[in-house]
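See structure below.
Letters A, B, C and D name the chains as they come in the text, with residue numbers starting at 1 for each one.
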């Protein structure tokens, strides 16, 4: 047997998954690209080549609104998840160090939310935010004598509500990643800092934060891409309303295809989503520590 | 170890913060439970009846008694498990190649796979719908499982590569000297040793598949084929107000299996998540 | 169609419920008729009749289907369930039909019929109806089911309409005009309850329910050629009037701001059942739901009346409903499909208390004798169907967005109308 | 049993050349240690012999027959790895017997073979354990057991002792040698530890940057290094290197102005005239307070117990002398250095290669005369 040439030897190993990815990702992406240059409709067998799907988007008022929504939703969700995730991770690590009981319980509860399907998450929060007199949060507010809040019917509040629901579900992911990063910080650094008489804040600022920076950056982009592509929660929570107040890009693309039946336009929108994701991916790879490549 | 007064005070603060966070994360699920235990009349009483006066299991019973619910759960289990097993099966050889072989363009390929992960289902589902249609795989669990597998493969390749990287290369060398082919050494040496990584990847896929909504939503129209996520969404759109308590019960029952799997197998899921996290 | 969305209990869960006992093996979860029948027809239906969760309904339909299948020996109906997500279901049927895998016969929401006609997917059924039957259809119904060649391509087997529900203990007399409605609602709101509720969220229901107020003034969404015209000339003023009506309700406090988060009749029914609202604008089928979900003495308080108009004698109500159409070229199958349609339109309708689409059926069945049907029948005289044009889904989408933006205070009616017009026309150009 | 022949083996990784072309012959049953600093290509060479890496050029033969086309399993080699590479999921017995999977032996014969090996290595009681339950030394034995059970033509060791503690290393060195005596097999043993090389090898191959610097017995390598690199790489502390000038016509060697008599048996070659580099092991320097010799200043002393190492400066050159254990000198104090030139090596200062090397097996005694 001639010993394998390394390059060729890898091929049979890679082939099954590469074929699968080519069939289920590459081909559809190119097909979507083709569709974006047509006026294809879900109901119409005849499609003609057209730039209308793309040029129609350029500078269109709804797209501007939707992009603004997307930015607000994504940034809000990501920052919220990172901040809350960091708080919980710090708390858990701090509690573990002090050998406090109950960290496992907290971790489990937070992670349990992550396991809930996004679609169910939207439904649950719809029940919670319901503005009917018997809605969960508002009836509780009324019970303690506070005025009810227009969680979903006020445009600004609706976006905040959607972000809250997303944070509630997604925090677990960033918590775990940051928890792992925190645990990997050499304890002797803190011991050295303690000997140097550093305050708690100084320890956080000069040791914890710098060590977390790569993890924070990488996670921020990962979560950003996930949030960008997620539409289940918003779909089930507000459907994009009131008006277009919570219609994010992914939901807009979904609505365009499945409510407006405009396949070509929907394909163009989904490709825009892809481009944004890819730009973020490139940022991610630039931020990745060198050795990881 | 003697703890100082200051430390004990800060321990108490930590406890309080932990309790508060636990409550925040628990309340939505508790509210769901509260609704599911109420009678219809009590649903309209809002937070005042957080603890139902006359808790009833009727809602759970009527959901569980329903043949449809059982089939949704069974479909979800089937799709999730087959999808997860398939993803691991497809990803393992590729991950092995990325871990063990050196070849030109390896880094680029790894990044390419990572960026594939970024492709939203929305981008590709309509072309996929038409493709599966031509292949006669639409409306079938087989075709849907293939999509689940494809969705899981990229991240699974990464997870398994990290798992394989931790197995010393010299074991492969030893196996080669013992006369094993690459394939044999992969099957007999690497895979058994990577079992924890394989299990972690499987369970992570399982949980992600449990939440999968878009693929079955588009690919399956017959309700006897639906997984629970689609059924719950349809149900929320088709229920009448008189059934909020049933919706809550169905929701709770739908997330319960995933919760149970998660709580029992937490260690493996954490392992999978953290493997990706600390690798640098 | 909204009827379908908000049908009784556990529509979905029911969908998978084991069939019906009265017909033994003849009716199963996915089949009507002997499994070894030589001819098979695929029929896509909703989960509200034959497979209803309500055992009595299911049994009644099972019996009707048993009679039907016995009258058509050698045939078997393979049933396929569809859901209440109408847009997706219709998209799916069209995709499947084009791929040659569609059902032979299907229930199609009346609002989608135009799209199907436009796509040329429906088989003519004219031959299977008598001229008398055709002539007896309400005019808007007949118009809806007739294609460009003058052929009947579907049977519109029931219709629905929007009415005003009120709690008579709070609002004793039915408001007849917009002003009266606002006044009555305000007096309820002053008691700490919600005055009047209506859908104004992101759903077809919001657009459709509101359109009644536009139509009441004689407004038209599209012109004779099918081009959107709601934003031009007199239509523009009528459109803005109808929007202003809602704005006034919300601004005055007669209706809560949360209407912009209401996207289903269920939410309305829930508030009614909770006793927290005085009035709501809903569908005729909700009358039955009120009787079923509320305790008898509470249900007795609820009364139904025609939708108020800008004045007492300018009224309109949106009419919807479902059709049954054939998507096959096989004439034998088309005939069976027409038979099924007739079954639903007659005895099926009567059993469920849905509104028939032809005058003679009112007389034929006793089920349509209740006092509420007098109200419905009167309202139906002012019934308006949605225009059967492919642009309608986009117009509806833009009206939903417009209502949300205006009622939540993020846009003025004029600006919102201009934006909606621009979007609709852009989409119209792309058609 | 076979000799091993490596012919012009070259290896490049991408643009980087690890082995430019190396040749080596190992006679049957010889124990050859390849010694070199890390990164010198010794492990790559070993892996090419095993078949784990493919050479870019050149050929490997066992017993005269090329094996380049054979997979590692077909080459009939055995290898002991630095981290032992025991299969963690298999028992000790299964690990040892793993290489016999393909052998046409009955289960019983295989079990007997494993037993036999276990007895030889005194690990019979461990056969049912998992590798994780073994100590480092035990794992080492299992790894060797796995290797020898296959009665390989060539035995390969890749730094097998570097994961053991010092005491265990000492013991295993002896055991591997003993094993080789019992089962004489052609052996290639890679290490960066010169003690292992010196104590175990029949012949040592010193490698540097992909090239062979010197092949020889341990004595030759130590006493008669072929280059300054070998001279300084071998020996602890390293050989002292001093610039000198040789005047053959006057039979005199001059170091920093001090003249020494040239040993008579130094060859009478023209090449030796002029500037040379003198290499002397620390044990060939002697110290006195007043006597004759080079003037040097004590920098530091290291009492080692059995001896005392004295580090000195002579005109900026740092030197080391191995002295009797009781030597005690203050830092900075001036001493005289006596040189045993009979054991000195002479190098060309430009090529760094040896010009003259003493015969390691001929003990020349007597002090150099002060002129």
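Just a few scattered comments:
Assume contacts are C-beta pairs under 8 Å (C-beta built on N, C-alpha and C of every residue); 3 or more make two chains touch, one makes a residue touch a chain.
Fair warning: this is a prediction, and the values are worked out from it, not measured in the lab.
Counting steps between touching chains, the shortest path from subunit B to subunit D takes 1.
Touching subunit B and subunit C together: A.
Averaging Cα atoms per chain gives one point for each, and the point farthest from that of subunit B is the centre of D. Chain centres here are Cα means. That of subunit A falls 37 Å from that of subunit C.
The geometric centre of subunit C is 92 Å away from that of subunit D, both derived from CA atoms. Each chain gets a centre from the mean of its Cα atoms; for subunit A and subunit D, those two points are 59 Å apart. Averaged Cα coordinates give subunit A a centre that lies 16 Å from the centre of subunit B. In subunit C, the positions touching at least two other chains are 95, 267, 270-271, 274, 276. Each of the following residues of subunit D touches two or more other chains: 51, 71, 74. For subunit A, the set of residues that touch two or more other chains comprises 133-134.
The touching residues of subunit A, when paired with subunit C in their complex, are 39, 41-45, 52-53, 56, 60-62, 131-134, 150-155, 158, 238-245, 255, 258-262, 265.
By the touch criterion stated above, subunit B contacts subunit C in their complex at residues 40, 44, 62-63, 66-69, 71-72, 129-130, 133-134, 138, 221-224, 231, 234-235, 237-244, 246, 250. Contact residues on subunit C toward subunit A in their complex (touch as defined above): 87-88, 91, 94-95, 98, 115, 118-119, 194, 200-203, 256-261, 263, 267, 270-271, 274, 276, 390, 393-394, 397, 400-408, 410-411, 419, 422-423, 426-427, 429-431. Put simply, subunit C touches subunit B in their complex at residues 4-18, 29-30, 47, 80-85, 89, 92, 95, 99, 101, 264-271, 273-276, 289, 292-293.
Residue ranges of subunit D in contact with subunit B, taken from their complex: 47, 50-52, 71-74, 77-79, 81-83, 85-89, 98-99, 101-102, 146, 150.
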